[in-house]
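In the two complexes that follow, chain A is the common piece, with chain B as its partner first and chain C second.
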Partner chain A sequence: MRISKSIYLFFLPGLVLYSLLFLYPTISALFYSFTDWDGLSTAFQFVGIDNYTRAFTGDSIFQKTIGNNLKFMLTVVVFQTLVALAFALIVIKNTKTNVFLRALYFFPTILSSVSVAFIWAFIYDPSMGILNQVLQLIGLDFLAQNWLGNANIAIFSLAITQIWFHAGQMLIIFVAGLQAIPEELYEVAKIEGASKWQAFRSVTWPLLAPSATIVVAYTTIQSFKAFDLVFAMTGGGPNNSTEIIATYIYDVAFKSYQFGYASSISVIFMVIIALITYLQFKALRSDRVSY
Partner chain B sequence: MKNKLWLATGTIGLGFILGACAGESGGDSSSESGDATQISFMHWRGEDKAVLDDIIANFEEANPDIRVEQNIYPSDQYQATAQRMLQEGSTGDVFTSFPGAQFESIESAGFFEDLSGEQFVSNFDESLISVGQKDGTQYALPYQLVFNMPVYNKGMFDELGLEVPKSWTEFQEMADTLLENDITPIAFPGADIGPNQFMNSMMMNNAPDEEVFAKLQNGEESLTNEWWVKTLEDFKLLADKGYIQDDALGTNQDSAMAMVANEEAAMLATGSYHMNSLLDLNPDLELDLLAPITVEESEATYEGINTATFMLAVNSNSEKKDQAKAFIDYLSQPEVASKYANETGQHLTVNDVEYESEALQNTSYWIDERNTRFQPRFLITNAQIEDAVLSSIENVLGGEDPMAAAEAAQQIVEENRE
Partner chain C sequence: MLFRKFSLLIYALLILIPLVVVLLTSVKTLQETFRDPLGLPDGGFKFDNYIAIFQEQTMAGYFLNSTIVTLFSVSFTLLLAAMVAFGITRMNNWIGNLLFAVFTLGMMVPAQVIMVPLYSLMLDLGLTNSLLGLILVNISSTLPIAVFILTGFMKTLPKELFEASTIDGAGNWKMFTKVAIPLSLPSISATAIFLFVMHWNDLLYPLLFITDNAYKTLPLALLEFQGQYSTNYPMLFTGVIIASAPMVIAYVLLQRYFVAGITAGAVKG
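Then we have the complex of A and B:
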């Protein structure tokens, strides 16, 4: 069948939008990362790789934000994936209760991030917050913490909020993946005497790998970009313990007016996300099988 | 043209990669509407909108050829995005600026219209408007006068027979008495504005030199020197002795205000701008201002902190500068300023304002009779150095040794010195 050349015209709107709204601006950000542009004036100077050198050797806050971001990302990726998978296994069958539970778990995802931030800031309040009050009520007052005010745990408190916020979304992806696994494979496993764990390890997990790849990659990107939650709940404090790369870029660009330097951090940020996503993709791809 | 295109797309590009820019209310609002010219008044005081709506209605009645639209952004967002909007020129014919880093950045970008020769400048108290000047030119006119020092429960002090302390020793004695009466001396909102407000009065007498932060930025001073290490030691003492509440770094300003309104705490470590809110929460409170004197009485130079802020200015990119100036002229009339002051519970920098509320009258003596110092934090013009200074306070309240916290902050100062 001969395809008419006019079919390529259908690609054009998307290509134009992509180039205009993503490609060209991204290239310009790369361009500005080699300048000292302040974001306001029309004049700027080329500074070579100075901004990149500064980021890696002369900016201890930026280096701290990478560490914070990795802590946040690892906590969120591991626990959000496990929580979403565990809940997905519970609500996999299409009963009325399970459909209701899926909707319930998905509910936080539709809330605005600022609302979520306010709700959780209230929950975490050390004196008036529900969390410490409940812990005291059930005799676990030794676990009561200054959740957002303690620099050692604040980033993990934010991670818990992020998991609550997005686990429902990942659950839906896992449910779809689980439902696509043919029932016969479990029957064969059963006939061959496989235990539930063996069936999960040899049937469920390998066939769920494409869904898991999406969940892990998406969760990673989400946790790197958790700007709004961090901004509204802690503003990066105390003592920069919750400052992540995205909030730091904002501070450098819009509070310090160093757009050139902020652009270089943005480029590094983009490379870090791309690299981690690629490695995850490779790792999870090796787990994939087809029967 | 090509250059501008690069500039615009660069901004968009950064936004895309960051992927996290907040939306903004308002927008292009400076236009001709019918026969009247519409100007945009851009500011951050959402809580003053109703009062300003009234004032604007009166202004429009007196000037039927001018319409004023308010474009209000939350203060955090305002600090970050005002410059961008001023650059374009369609928003913020009249705008407000914070003193310090924002004033410096707008001035260096050339967005301030020179107001030096305008007649309405004389409506302002000359001694309070210098913060809006640069190299002898009046670029902006501070409208509000706030005192960034603790608000205290005067009624409670009277009941307990406490006097306002005049030295660090007296301050600690006063705090001990409050603790003995099961009252937390200071409610400190460490999760948000506490450090950036309370640092001012905590350091005002430890470093009486008003150039100290300018010297820090140019390398002549260090945070590891005595003035800042002592300030951090004083903060540590407040935490160690329980003069500020437990878990202070997790307490936000609403919770801290509730502590003072419920009389669980005697002082609120923020500023005069919270007096109205406290009285809304508990109308029976009798309030005044009190800054900790962290040295002995004989060594004290200052009694408190002031900030002339909400600086009115005209956008140099505006095409309606005359109308914009007419609006500032109107705001600076004593009767208009009095209305604004009384209905918002703020002291102003305008001459001949008549304060009607008890709280404003009772604290007016701070304007003329007390030796207050301009908020030192606003004299840090580099935002990253400011963050380092504030982080060292959080670090100490989190348990770090003051000298170690000062050294960590000094490292960041050195990395960001221009």
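Then we have the complex of A and C:
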């Protein structure tokens, strides 16, 4: 059937806006990454791959930043996924209590990062913070810390905040995935005398792979993009110990006005994200089963 | 069994205690908070912080800005995305597939990647310190995910419905407004909730493009309270409560739709 040409008009407003404010900046990031532009003057020079060489060989903060990002990402991906899965398995049935608990666990997701940052700044506060108070109360004073001020642990403190923020959302995805598994499969496993663990291994786990793929992929990307939380809680400090790629791009561009160099880090960032997404889907796709 | 119940309780407390502390702290004075950070206020609840924050800050203005930016960003993202999704679904050929790929590519690129060139572009266009600028950037940044979700949904609609309306002589626009939109309402409303939460809470774009108090949105204003109030948590938490109130109220009322909407955004994005 022929479709009238006016159909192209439906793309027009969306495509114009998207090209101007997304595609064009993406391409110009690539362009500026080969220049020494400061973001203010109209003049700049091409410097070849100097910015990239600098990032990989001459910039120790950037290298530290990549390490911080990996620490943050691994902590969040591993623990958030485990917490979400473990609790999803407990609250899977649609009883009144479970529905309420799921809604409660999900609650932090609707808050803004800035709000969450303030709440956790108070929890971690070295003098009047909830965490140190509770530790004192249960006789574990020696664990009391300056949770965001200690360069060795600040990045992990941020990771815990991120998990509190988003684990509930991942839990809901797991619940949806678990509820989609046909009840009969568990009955078959029961009749065949499988233990609870065996049923989990041979029924739940393989059929949960699609949800697990989504959770792991989403959590990974989300932890790379945790700009707001880091920016509002530590600003990358102390001593760059919580600087992640996204906050570093901001600092390089808007605090030291090296737009060219910031662009090259953006391009590296983009490549890393694309690579992770690709690898994850490849790795996790091979686990998928059908029934 | 007991261990399970205990774990559920601990997790519930980990969410509830901080929220209760935020509420309590907002009705305490700074002195009371220093003396006993977790205790109840001595002389009953005081709403002085709420009065003070409205006197010291242009709260109503921030609130209005957030409302305007969110409403326009959500409705225009949905309109433009629905149009694109309809176009892709109707064309159903290589051009449609190519456009779909171009739009969804945007889901892979985090906003932080383009913040540098986007900033200079917005400066050149004179769209910094402007609500219009914020709205336009918001639309372009959430268009990819909205196109992705809505196209996925529209493709499941029976083709016969569109074809029947063609026979009745309906043009594309009429087909869009009379057939595609009404039938896609479940998907559109789920996407709407997802977008509402996202735009209401967004920090990055206001941080980049807004320096004038007259155009600041709540998250940005809140962030800057930290500079003014430092560790005056009663004031900070009063700000947190005011900024979160609309989303919290909506969540309590429409809880099921929220969970479904935000999760759809995550799953499909």
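The rule is simple: the second predicted complex is superposed on the first by the 270 of 291 C-alpha atoms of A that agree within 3 Å, B and C clash if a C-alpha of one lies under 4 Å from a C-alpha of the other, contacts with A are read in each partner's own complex, and residues count from 1 in each chain.
Here is the rule we use: a residue touches a chain if its C-beta (ideal position, glycine included) is under 8 Å from a C-beta of that chain, and two chains touch if they have at least 3 such contacts.
Here the structure is a predicted model, which is why all the values come from computation and not from measurement.
Participant: Just checking: does A:Thr26 make contact with chain B only, chain C only, both, or neither of them? Give me first, second, both or neither.
Facilitator: Both: A:Thr26 reaches chain B and chain C.
Participant: Touching A:Leu111, do we find chain B (first), chain C (second), both, or neither?
Facilitator: second
Participant: Looking at the overlay, does A:Ser263 come into contact with chain B only (first), chain C only (second), both, or neither?
Facilitator: Touch partners of A:Ser263: chain B and chain C.
Participant: In the superposed arrangement, does chain B or chain C reach more residues of chain A?
Facilitator: C
Participant: Considering only touches as defined above, state whether A:Asn150 meets chain B (first), chain C (second), both or neither.
Facilitator: Only chain B; A:Asn150 stays clear of chain C.
Participant: Based on the superposed arrangement, let me know which partner A:Ile272 touches: chain B (first), chain C (second), both, or neither?
Facilitator: neither
Participant: After the superposition on A, what does A:Gly237 contact: first (chain B), second (chain C), both or neither?
Facilitator: First partner only.
Participant: Touching A:Leu17, do we find chain B (first), chain C (second), both, or neither?
Facilitator: second
Participant: According to the stated criteria, A:Gln169 is in contact with first (chain B), second (chain C), both, or neither; which is it?
Facilitator: In the superposition, A:Gln169 touches chain C alone.
Participant: Under the stated touch criterion, which partner chain does A:Leu70 make contact with: chain B (first), chain C (second), both, or neither?
Facilitator: The answer is neither, since A:Leu70 touches no partner chain.
Participant: In the superposed arrangement, what residues of chain A touch both chain B and chain C?
Facilitator: 21-22, 24-26, 28-29, 32, 39, 125, 128, 225, 227-228, 231, 246, 249-250, 253-254, 259, 262-263, 266-267, 269-270
Participant: Report the residues of chain A in contact with chain C in the complex, numbered from low to high.
Facilitator: That would be residues 1, 3-4, 6-11, 13-15, 17-18, 20-26, 28-29, 32, 39, 86-87, 90-91, 101-115, 118-120, 122-123, 125, 128-130, 133, 164, 168-169, 172-173, 176, 214, 218, 221, 224-225, 227-228, 231-232, 245-246, 249-250, 253-254, 259, 262-263, 266-267, 269-270, 273-274, 277 of chain A.
Participant: Spell out the residues on chain A that touch chain B in their complex, using ranges where they run on.
Facilitator: It is residues 21-22, 24-32, 37-42, 58-61, 121, 124-128, 146-151, 225, 227-228, 231, 234-235, 237-240, 246, 249-257, 259, 262-263, 266-267, 269-270 of chain A that touch chain B.
Participant: Which chain B residues qualify as touching chain A in the complex?
Facilitator: These residues of chain B touch chain A: 3-4, 6-7, 9-20, 22, 79-81, 83-84, 87, 101, 105, 108-109, 190-192, 245-252, 255, 258, 382-384, 387, 391-392, 394-395, 397-398, 411-412, 415.
Participant: Using the touch definition from the top, list the residues of chain C that touch chain A in their complex.
Facilitator: The contact residues of chain C facing chain A are 4, 7-8, 11-12, 14-19, 21-22, 25, 33-34, 37-38, 80-81, 83-84, 86-87, 90-91, 99, 102-103, 106, 108-121, 136-137, 139-141, 143-144, 147, 163, 166, 171-173, 176, 197, 200-201, 203-204, 207-208, 218-219, 222-223, 226, 231, 233, 236-237, 239-240, 243-244, 247-248, 251, 255, 258-259, 262-263, 266-267, 269.
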